[in-house]
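For reference, chains read A, B, C, D, E, F and G in written order, and residue numbers begin at 1 within each chain.
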Amino acid sequence: MSIASIIGQALVLFGTFFYVLSSLGLIRMPDVYNRMQTATKSATLGSLGVIIGVGIWAIGEVGSYSWIPKTLIVAVFLLLTNPIAAHALIRAAYKSGVPLWEGSIVDRYKEAESSLERVEEIKEKLEEPSRGVEINE
Amino acid sequence: MSQYASLLIALPLFGAFFIPILKRISKSAVMPFLVLVTLIQTGIAAWVFNEVYITGKPIIIMAGGFRPPIGINLYIGHFAALFVLVIAVTSLLMTIFSFKAVSVEPKDKYAMLFLLLMLGATGMISTGDIFNLFVFMEITAISAYALIAYNKTGEASEAALKYIVLGGIGSSFFLVGVALIYGSLGTLNMAHIAQLAHLVNPTVAKAGLALLIFGLAVEAEQFPLNAWAPDAYQEAPHPVTAMFSAFVVKASLYAMGRVIYILSAVEGWSSILRLLIILGTLTVIIGEMSALRQNNVKRMFAYSSIAQVGLIAVGLALGTESGVSASVFHMFNHAIVKALMFLAVGYVAVELGGTEINKFEGLGKRMPVTAFAITVGAISIIGIPLFNIFWSKMQLILAALNAQYTWMVALILGASLVEATYYIRLIHTIWFKGEGEKVKESSVLALVMLLLVALIIVIGIYPEPFWNVMQKAGSDIFNVAQYIKNVPLMGVSP
Amino acid sequence: MVKRIFAIVFILIIGFWMAKALDQVPFGQDRMLVGKYYLEHVKEETGAVNAVTAVVVNYRGFDTLGEVTVLFIASTGVAALLWRKKRKRTAKTEGSVVLTTGARLLLPFIMLFGVYIFIHGHLTPGGGFPGGATIATAFLFLYLAFTVYEVDHKIFEPLEGLAGVGYVTVGLIGLAIGGYFLFDWIWQTWGIGKENIGRLLSAGFIPIIYTLIGIKVGTELTGIVDNMIKEPEEGGQ
Amino acid sequence: MNPYYFASIALILIGLYAILAKRNVLKMLVGLSIMETGVNLLLISVGYVSGRSAPILSEGITPDRAVDPIPQALVLTAIVIGVATTAMALSVVINLYEKYKTLNVEEIRRLRG
Amino acid sequence: MGETSKISRYLYTVLILFIIWLFLTGSLDPQEVTIGAIFALIVGALTDEVFTERGLGNLNPKRVLYFTAYIPYFLWAMIMANLDVAYRVLHPKRPINPGIVECRTVLTNNVGKLALANSITLTPGTITLDVKGDRYFIHWIDVKDKSVEGASENITKPFEKFLKVIFE
Amino acid sequence: MIEVYLFLIAVAVILSMYRFFRGPTTADRIVAVDIMTTLTTGLMVLFALYYRRAIFLDVALVYAVLAFVGVIAFARYMEGGL
Amino acid sequence: MNELALIVFAPLIAGALAWLIDIKGIREIIGVLGAAVPLGYAALLYQKVNGGLSFAINLGVFKLTFALNALNWFFLGIGALVGFAAILALVSTGRDSYEWLFALMSLSGVLGVFLANDLMTFFIFWEIMTFASFMMVLHYNKAASLKYFLLSVFGAYAMLIALGMIYAKLGTFDFAQIQQAMYKEAYAVAFKADTVFSKGESILIYLLFLIAFGVKAGMFPLHVWAPDAYSETNQSYAAMFSGVLSKTGVYGFIMLYLLMGTRLAIELGGFRSTTKFGYIIAFLGGLTIIVGGLLAALQEDIRKLFAYSSISQLGYILVGIGVGTALSMQAALFHALSHALFKGLFFLIVATIVYRTGKTTFADMGGLAEKMPFTFAMAFVAILSLAGIPPLVGFASKWVLFEAVISQNLPVLGGMVFFGSAIGFVYLIRFTYAVWFGQRPTDLDNVKDAPLSMAVAMAILALFNVILGIAPGLVARELNKIFGKEVIGGNLYVLDLGFGKYNALAILIYLIAGIVIAGIIYFMGAKARRVPVTDTYQSANPVTMDYNLTIRRNFFLPLKETLAFWLRISFDKLYHDIGAWIEDLAEVLRNYIYNGSVQSYAWYLAIILLILALWGV
């Protein structure tokens, strides 16, 4: 077994651990926000481990360096897109009205949203007095 | 030289793909372009027809130059050559009709879908590969979905939805059939399948054939798999309805016939035939009965068309060469007559704003040429001598008797009697009921209708040359040994 | 309820029937006939390493032409059915800056992936359809991120047509040069790339056709998305 | 029964069940798609040869180590056709919903008889 | 940044695309390189306007240097974050104290904001929920400070020092 | 050895499936899908090594792209942004 | 050009020319010429009857073949003669060129049917004839034409099936070949050898022909179209319609005998002294006599009366054919001739009356004998002939028929025939008195006698009624020629059946007295009509038309009341009800099957899959 294989395999093992961890997080956390917290992070890190690990492992196993660039591309892609997806999802979850876990202690977003709405309301009233009545209803 | 017959596929495709570009150049050029393409297609089809019938040999188009079963081949034999021509001519006439009948935008899309519907049917009748048949079937079906819903009314969408759901189930199970046959033989070429058919495991063959026929029967409008058809016929733009009845369903029927006969060596074959005869018979009975008291004339014609399709299927399922030939003759005659009738009824709808029976009161005075066309078509369908359908019904009867299906004669004639009832009622309404202002009939359409009428009568009076052609076409489907021989299969054997 | 029970009974019987038939087609056995020929001759006859690609583009070219056509029909059909005089996107909230910026950054990458996939169709498991779909995904991403984004139909539709016309033309050139429609004249007549099997510039017209298909599929799927995502404006029927 | 065959038949039947039992038109269409998926899986399974790899003759794969390429080519086509059908169906349903304001299949029956 | 020339942006895009192509193919075969260059030129022409605002300016050595330094820092943060996750997930009592807090950022560049948001998402106990102007709304699994200033100090500040250089 | 990793990742996928079926909100299910796609991408890469075929990496890449955009589509649909 | 071709096509060509030229005067000349050609040639060809004259037109798929023999010359003669007379009368009553076209076309059709030498030609001309006559009825009454059309199509299809079955088995349409093959079949049946047609098939063919010819001949219960169709058309044409077209059905039955009589007889066995299959025809013929006769008596419209009468008379012919002996066959042929002659004459008389008065019901007529003496004279001949009073042709044929039936010991049939004669008297009396005698409504005071063309036409037919009545031996000679042996003996004036004799000449002498009596009746009738209808008083009040229960109005009311129950069972209504019921059923079925729900439709697919599965498992 070559060094590359050992390093690669270690990385894969590392990644696999976080993969399993992310699925556990998905199951154990109490609400969708916390599930995302745990699952996304470990899935991303797990991916980095597994995928780059495979690239390195392949040097030893298959004897080809051409795996490395491609696995890197996949890994970087996941590294870039997973947080974006998580962000889009958590925002969507919030906006679609999924409540925070009852143990949550603060919701700044809600406060900000309501004040923002008020601002917009006032703005519209000022711009179009005739339509202001409708909005009040 | 004969490979240039592949233009039959290439041209409509090229035309359809070119339309988006043409639209950028000039939007008003799209419909004339459609006429041009179908015209050239008719020319090519005529050339192909001539070539095949003069040499007496089928044209085998080998895509990519690979010999079957390695490559997909198109088999333009006597049947395909004939029906390619029917398809092209009908399409040409319907493009002319489309000028008048299609007012809903976007017309450029209509033109594309129109060409692709034509292409699909052309492909279905000419392909020599069972999966390629599926592809062309889907081309036909999907462009049909779009065209049925083209008018964008709720009803049109409803009709399209029904077709999509049923057609989807049908094509899925067709593919399962393909998978079974392929899994058993390792080839998809029809001639190759026919050659190896005796090797298929009987269980697989039985199920595979049954599923293939099931899938095709949905498209071929066999009862009770045809429930989508009346709605679709009713809601599609009028030229499209005419095309459905004239050749789209015919292509599916042909495919059914072809699949049946190439697999004639498999076990359980005759019981499939029997099943198909039962379905066909039910199709005739239910179709005719449904047409009987139908107040929407277009829908009435649709049911009538379905009933005829049932007759054709029965003929195909007789398992005799004369049955197949008679079926082909009936397909041909029915194509002409229904093209005429849907054209006429569509024209009435365009001019008078609907196809309910009351719109036809006084039609004899309001639109005499159209009324005349409908009358001739109706008389022909009923099976009055000296009109074309008489001869094909006659041949069907003879074939049924030859095949020891005496009761089928009663079926055919009973159906004709029912047809007589509702068509005479319609003729009565047209000529003897109601009054109305005269409508100026389009001279081009009048010409088209009279052309078809003339054809009906010519065949009615002088059927011999046509019957000769039909016999060759029928033999093309029935005579599998010859079919295998005609396809230059290269030596890939198990 | 009765309907459901009946449905279950029905599908069980039908399933049993299909299973019985499939039982006679044992899984995993080598039953190749034509397939074997392909595997053995694919390199010399088409220059492709990926036998599936050779089957798709060369041996069963008619299927693929039909497949392209089917997608074209769908795109045309969707456009025809959803056509209204005035249509506009009605999305309410735009994606956050994270999403919009992400879309802008990823667009060229995803497009390049698409290109990579269709141009390597004869070497790797890819081809015109997945490549085109990937390109369409890039545009879909823009639609998802921006509420005002829409493609330029003036360019997309003719491009779609042009790619199709190109495909048919390539086939017709084959007819003119080699005597058969869809004949791979680059490989079989000109013999270009014969020494290159396994490298990019080989496999005759496959990369050309896959490029055309990639463009076509990309524009078509994007067009379908564009049509589906818009809604008619008031009075725009 | 082989698991691949079993899965494909199961998918086909689940799809069929959805079409037969679900009232919502969209669910029926989903059923149709599931059915198509099942068929595609079936095709692929039929072409599989035990112990062999994808029919891409690189990286040391020789013709006798590759599976049947034909079903894979067929499935490619079938998938695209499925996509096209679904796209058509969805735009039809969009129009339908706009006019009928319902997706209940029992209420979409103005055309009858 | 509107003054950045079109050519600069185009060349930058093409360059990046070409590099990605090389990674994708994993090969230096001249055929691949040539075709890659051609397609990089084509795709670049189609996308450079959306892709970059600053063009070749991004390749400023200082920025590259900071970017290079940021990578290990970020990876480290990420691993820490995951260990934190492991602790919370595997701990039988599931020790969490979640909430949504608000932070401010000094970053003005969109790409910078994206990088910040992603960094936040992948690092200990935080996910960017929404970004509005300079306000970041963040779901924090273990809220330590509810105030805007306190949260910013904890969450955004550590990354900003790098990102400010790289993207501003 | 690879088989072990393959197995473990498969277990992780199946565990995520629990969340997919359990819900309770749509958001939960989509999150589950998102995680599953990420895990599957890793699984595919690992399979490439298992079969020693680099070409499968392309499959994983395309899969990652499509899955990502798919998840974004779900998310945007859920928040009413389409 | 071949004579046969001229005979068959001359009327059609003339009709087409008349239609195209459409100038009053010229079209009539062309038309009459067109009808004269067949008559002339029929006469000329008398010498060549057994000369094997034939003609063929190659139509591609099928050949149209014609041939002349003694039997079809006989029918040709009837057709040409009555057809000519009817066309002649059409000169007066023809409304437009349309009628000329189709009247002549139907004549062509009839002649083609008679001269056809194979089943296909037979069928094609049968259809031409049907189509043309349909068009003639359509011109006057749509409902009647529809009923006629539907039943004709029904019959035509029945024939078509039979044709198809024969062709499928024998590969030929040629009469001679079919006949030969069927003889062989008969032997095969007799010797229990293999047959081409199974028993069931031969019965089916028989039944199909029974339907096909029965419709055209107006056989009960397929007669429902006839009363309407005969009455609702040009009355000159009706002479040909009832006189000749119906004979194609008769001719068809004879062909059936010739083609497969032996076969059927051996296959089905006998009944009393006749064959089973023949007895069915005869029995249905007997029912036709009774039903037709009774309904004729109850009609209030002269056209209807003769329409039903026609049906009744056809019944006699069917009885004759059905009994199946050489004598009864001859009798049937003889009666076919007489019926054509007197019923043709009757319809021309009716045509004249309608043409001159514009009225059709008994209630509106009376006392016309004085105003239309020539027509009345013609009617006198016709009445005597139909009633079977010697020495007119009607008597001769009926007498032979009676004798033929009675000699075969078939009491039921005999009773039916006798009853028919009795009821014939009943309705004739009504016609005689209600139209010609009694009080004439005042609006008929200016009625003129028949116009020239109709007078000539009537005269021709009347002449034949008389000549062939006095010299029945002329007909007997021809009939014997057909059968190739002397069935009816005697000489020109005497018919000798062996067990009975009829001397027309002697009867003629007796009847001079009868004619004198008739003259007296005529003058009495003429006297009686001097008082206007409204001048009758009852209890010092003028009698209104409603109460005027004369022979002209509801004369047979008691009979009607007696038969009330039976009259309710109208086959016409029955068919109508069946039709309506089928349509209702069809509608229910359609709405049930095509219920609009795509899910139901998907279920249909599932059911078919299930059937496939169950069949495959």
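Assume a residue touches a chain if its C-beta (ideal position, glycine included) is under 8 Å from a C-beta of that chain, and two chains touch if they have at least 3 such contacts.
A quick note: this is a predicted structure, and the numbers were derived from the prediction, not measured.
Asks: Hey, what chains does subunit B share as contacts with subunit D?
Replies: Common neighbours, subunit B/subunit D: C, G.
Asks: Tell me which has more C-beta contacts between its two chains, B-G or D-F.
Replies: Counting C-beta pairs in contact, B-G comes out ahead.
Asks: So which chain is the furthest away from subunit G, centre to centre on CA atoms?
Replies: Most distant chain from subunit G: E.
Asks: Compute the distance, rounded to whole Å, between the mean C-alpha positions of subunit B and subunit F.
Replies: Each chain reduced to its C-alpha mean, subunit B and subunit F end up 47 Å apart.
Asks: Report the inter-centroid distance (CA atoms only) between subunit E and subunit F in whole Å.
Replies: From the centre of subunit E to the centre of subunit F is 22 Å.
Asks: At what distance in angstrom does the C-alpha mean of subunit D lie from that of subunit C?
Replies: Distance between chain centres, rounded to whole Å: 16 Å.
Asks: Could you grab the centroid distance between subunit A and subunit F? Build each centroid from C-alpha atoms only and quote it in angstrom.
Replies: Taking the average C-alpha coordinate of subunit A and of subunit F, the gap between them is 13 Å.
Asks: Send over the residues of subunit G in touch with two or more other chains.
Replies: 587, 590, 594, 598, 602, 606-607, 609, 612, 616
Asks: Can you list the subunit A residues in contact with two or more other chains?
Replies: If we look for residues of subunit A contacting two or more partner chains, we find 24, 36, 40, 44, 66-67, 70, 73, 77, 80-82, 84, 86-88, 91, 95.
Asks: Among all residues of subunit B, which ones touch two or more of the remaining chains?
Replies: 131, 135, 138, 142, 145-146, 149, 152, 157, 161-162, 165, 169, 176, 183, 186, 188, 203, 206-207, 230, 290 - these are the residues of subunit B that touch more than one other chain.
Asks: Subunit D touches which residues of subunit B in the complex?
Replies: Where subunit B meets subunit D, its residues are 131, 135, 138, 142, 145-146, 149, 152-162, 164-165, 168-169, 171-172, 175-176, 178-179, 182-183, 186, 188, 230-231, 234-235, 290.
Asks: What part of subunit E is in contact with subunit C in the complex they form?
Replies: 13, 16-17, 20-21, 24-25, 29, 31-32, 35, 39-40, 42-44, 46-48, 50-51, 110-111, 113-114, 117-118, 128, 130-132
Asks: Where on subunit G is subunit D touching in the complex?
Replies: Residues 587, 590-591, 594-599, 602-603, 606.
Asks: Spell out the part of subunit G that touches subunit C in their complex, as residue ranges.
Replies: 606-607, 609-610, 612-614, 616-617
Asks: Would you mind writing out the residues of subunit F in touch with subunit C in their complex?
Replies: Spelled out, the residues of subunit F in touch with subunit C are 55-56, 58-59, 61-62, 65-66, 69, 72-73, 76, 79-82.
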